[in-house]
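Listed below are the structures to be examined.
Both of the next two complexes hold chain A, though its partner changes from chain B to chain C.
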Partner chain A sequence: MRHNFIDRYANLDSPLHVLEARTKILGYLSLIAALLLMPGRNDVVLLVYAFVAAILVGASQVPLGYIVGRSLVILPFVLLAGIAAPWTNSFDGARFMALATRSFLSVTILLLMTSTTPFPELLRGLQKLGCPRILILNLGFLYRYLFVLTEEVLRMRQARDCRRAGRAPPRVELKLLGSMLGSLVLRSFERAERMYQAMLSRGYAGEFPVLAPRRFTWRDLTFLAGIALLIVSSFRYAGR
Partner chain B sequence: MTEYAIRITRLSYSYPDGTKALEDVDLDERVALVGPSGAGKSTLLLHLNGVLSGKGMIRVMGKPLGDTALREIRRHVGLVFQNPDDQLFCPTVFEDVAFGPLNLSISPQEIPHRVERALRDVGLDQSIRNRPSHHLSHGERKRVALASVLIMEPDILALDEPSSNLDPRNRRHFIELVASLPSTLVLATHDLGMVMALCPRTALMDRGKIWADGETRRILADARLMEEHGLEVP
Partner chain C sequence: MHIPDGFLSGRIWLSLDALSSVTVLYAARRLRVQASGHTVPLMGVLSAFVFAAQLLNFPVLGGTSGHLVGSALLAVLLGPLAAFLTMVTVLIAQALFLQDGGLAALGANIFNIAAVPVLSGYGIFRLAGGTQSHGRRLAIASFLSGWVSIELCALCCALELSLSGAIPLRVGLPAMTGYHAILGVAEGILTSSVLVFLSHTRPDLIRRGAGSRLPVADWVAVVALVAVPCAILVLAGSSNLPDPLQRLLASADPVYGRQGESEPFLSPLRYREFLRALTLIAGAIGSAYFLGRLMRGKRSKL
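Let's look at the complex of A and B:
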């Protein structure tokens, strides 16, 4: 079965892919923070950020269509904000455009982060940055079992479709859905039990061991320095 | 009295919902545990490394199970689960294979070499190590599951339905692979062809009891016995 992997392009070999996970997390998140906190409404600054994002997307070798397509997911939310805007006292088209650009760029940058870093590395990066262990562990299991669960659901749906003709009345449909959900919960529960037994069988004693392959190098330093320079100078420019 | 790798006496276990399983049996060399589904094979395997503990006595490598630290037992007895998706729970293959040795506090410098060797031993390419297990085929996942246990260098290898869901070619490869391993083997299955290829001795298990125990050829040829317990002569 085919899945739409969140980190489908994470195993390419581009200048961005070789960076350490921590570098990318810190770099991209501060870019996003800078974008959102930028004072005033400065089109030149926004243009510069858009330009930088475009360069990063180009350097990442991730297909442009993938990034743009995914970024558009944010559009409905932006439009919603646009619809609400006339009720606030200072609405104008330019303001809306600035808002839309900022949101779109932020999502693009986030996508860049997840599609140039394999999810396991991202987790390791977060952990080294001090994110709670229990959260990392849960995200790790989620990533590992999301697809197993999806397949389970697909199989259950196929089994259901094989045994019925056409649609049943809504009440029956709902009941069917309910029992499917119930059995999915039970199956997951039992799977968790077996997983835990497998963990115990290999000596699990409450601590999840980790090894770290990628190291922080001069490349990471250059990347972070570049981003810091961009942020500081754009703030100075915008604050003038 | 000879010392068996595993000696089980009057073992009984009841699941929280009341189902009973298990019985007397000695396991050594290469033994197959055959029987219909629900016979208690998997339950028995889970007892061998102390994940489940019922009433009765289990001796592993001559020592009663309760006496040795569980961690030690789990090093001696490597258990490979039927479904690799249950066994492989880490984000990448490397982490999964390294999970056991890291828990055994083997020095981190040594781990990559060990992982490399374990993957080679099960016939997998090294390029697989950084991939998430859900990107692998079922056959590959089965091999990774085996590697994740072999890396702990167990004296006793307990395999639960290792050939289930494998296509004929993968099944044959898997059998050849297991045949080439030096460890004591306990094989729970109803794949009787595999039993004949791997195990000189067979114990027939049904409804928690061992009904027959002896030379594989003799047991698998006994049509009445086999049919009585939901199996058939291969």
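Let's look at the complex of A and C:
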């Protein structure tokens, strides 16, 4: 069964992987925000951002095929906007291209953030940035039990596919799916009960400890300064 | 449908981000007061359940496929506050892991897929009298709550996209609500069959979730947090005034504002120059990639 699709490349070794989680969250988030809030249609500025994104993707050592393949998830929306374009009052090819480019670049930056940071570190960074604790706990549980439940779903699907030939009519199909989901809910509830007992018996008091966290160093400062410089200069250029 | 970055205007995504973060902080604070320690692992496992259940696809129309959204189901099982936070967790995880929905558009997605469907699903379920019922009544109430929640979700999505000027309402509204009316039937059937299944096997689970009802204070807060900003957003979005944020950014220089007059750098109309420029740009970006590729970190000892 296919696993480990979440932060598959998060344990590589590159200049971006050694940064602290908070640095990457703040840096990439402000990069995306600047990209989306850039006034007007500045093709030159968009090109500069594409250039920076290409350098960062290269520096991250994450395979190019992975980044490009995953960033294609925006395609349905681009297609929908493209189909709807003739109905707008003034069809504008350049505007549409700028929209698609912005969207593609933001997905690439988001991918860079998640594929260079192991998920527990990302959670710790989010918590230090003031995310509510219950969300952090929830995300931690999700990360831990996602694989368990996914495997359970895949097993159930395999069992269903073994026991039937072809597809049933939609009503029957949905009813079948409903009972499968129902028993999945039951198993999840029972698992949660067991987990809670196990957590209590191991002395859970509302926190999960993290081993050997990264520290904020001069590298992080350089990275943030570089991004701030880029954003300020691009806004000055765009406003001109 | 998760909205990616780049399709919403700055006004829309910034205000929805602010709105959603206030809602999440409020719900987290209220839940800390109400919840016992038992709720934490339950919410965590159920968010993993929703994430995993979305792997079970069913065919819809013309080759596309749909899956359970689960907001209404969670609202009945966990009560609205915990269900909202669970859906928020799922949305954050989907944005981070699967790139379903953008980071800046996360607030909009939380509003569309977590806040609106959970609250409407819960409200419809209560109104249709699903809480203490069995059999047929339960099935009908949960079907309705599933269908309405999906339809409202599509409606919000179409509204936001048209207010941003990405997809006009004339196209977006029929396309989104029409397609989701079909998806909503599937969602309703799934919600009702899961709940009927559970009412046969573990009736205590449904009782427990539906018992954790919203107090009056929370309903007032919901109205204040959701309805009022919504109205402001719709009014602001339909006005002809320039975007306040963009005006602020542009106020540094008076020349910006006549953006339409300047010749775009890349124009498909001048065909040969366009092709030449495109080749140059592709070459530059490619060499930037390889330049970056040369920067390696020092090998760690691990």
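The working rule: the second predicted complex is superposed on the first by the 221 of 240 C-alpha atoms of A that agree within 3 Å, B and C clash if a C-alpha of one lies under 4 Å from a C-alpha of the other, contacts with A are read in each partner's own complex, and residues count from 1 in each chain.
Rule of thumb we're sticking to: a contact is a pair of C-beta atoms (placed from the backbone, for glycine too) under 8 Å apart; a residue touches a chain by one contact, two chains touch by 3 or more.
Predicted model only: the values in this text are computed from it and were never measured.
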Fill in: Combined model on chain A where chain B meets chain C, clash or fit
fit
Worksheet item: A:Ile227 contacts which: chain B (first), chain C (second), both, neither?
Response: neither
Worksheet item: Between chain B (first) and chain C (second), which does A:Gly140 come into contact with in this model arrangement: first, second, both, or neither?
Response: both
Practice prompt. Based on the superposed arrangement, let me know which partner A:Val62 touches: chain B (first), chain C (second), both, or neither?
Written response: neither
Discussion item. Between chain B and chain C, whom does A:Leu19 touch in the aligned arrangement: first, second, both, or neither?
Written reply: neither
Discussion item. Tell me the angle subtended at the Cα centre of chain A by the Cα centres of chain B and chain C, rounded to the nearest 10 °.
Written reply: 100
Worksheet item: In the superposed arrangement, which partner chain does A:Phe77 touch: chain B (first), chain C (second), both, or neither?
Response: second
Worksheet item: Where does A:Leu112 make contact in the superposed view: on chain B (first), on chain C (second), on both, or on neither?
Response: neither
Worksheet item: Hey, is it chain B or chain C that touches more of chain A?
Response: C
Discussion item. Looking at A:Met199 after the superposition, I want to know if it touches chain B, chain C, both of them or none. Which is it: first, second, both, neither?
Written reply: both
Worksheet item: Regarding the shared-chain residue A:Leu31, is it in contact with chain B (first), chain C (second), both, or neither?
Response: neither
Discussion item. Taking the superposition on A as described, I'd like to know which of chain B and chain C A:Pro120 touches: first, second, both or neither.
Written reply: first
Response to the item:
With chain A overlaid, the minimum CA to CA distance between chain B and chain C in angstrom is 7
Worksheet entry | On chain A, positions contacted by chain B and by chain C | 5, 119, 140-141, 143-145, 148, 191, 195, 199-200
Worksheet, complete the sentence: As the complex stands, chain A meets chain B at residues 3, 5, 11, 118-120, 123, 140-141, 143-145, 147-148, 191, 194-195, 197-205, 207, 209-211
Worksheet item: What residues on chain A touch chain C, complex-wise?
Response: 5-6, 13-15, 17-18, 28-29, 32-33, 36-37, 39-41, 43-44, 47, 50-51, 54-61, 64, 70-71, 73-74, 77, 80-81, 83-84, 87-88, 93-94, 97, 99-100, 102-104, 106-107, 110-111, 113-114, 119, 122, 132-135, 137-146, 148-150, 152-154, 157, 167, 170-171, 173-175, 177-186, 188-189, 191-192, 195-196, 199-200, 235, 238-240
Worksheet entry | Contact set on chain C toward chain A in their complex | 3-7, 10, 13, 24-25, 28-29, 31-32, 37-38, 40-49, 51-53, 55-56, 58-59, 68, 77, 85-86, 88-90, 92-93, 95-100, 102-104, 165-168, 170-172, 175, 186, 189-190, 192-194, 196-198, 201-202, 205, 245-246, 249-250, 252-253, 255-256, 259, 264-268, 281, 284-286, 288-300
Worksheet item: Considering the complex alone, what residue numbers of chain B touch chain A?
Response: 46, 49, 51-52, 71, 74-75, 78-79, 81, 83, 85-92, 94-95, 98-100, 102-104, 108, 111, 130-135, 148-149, 152
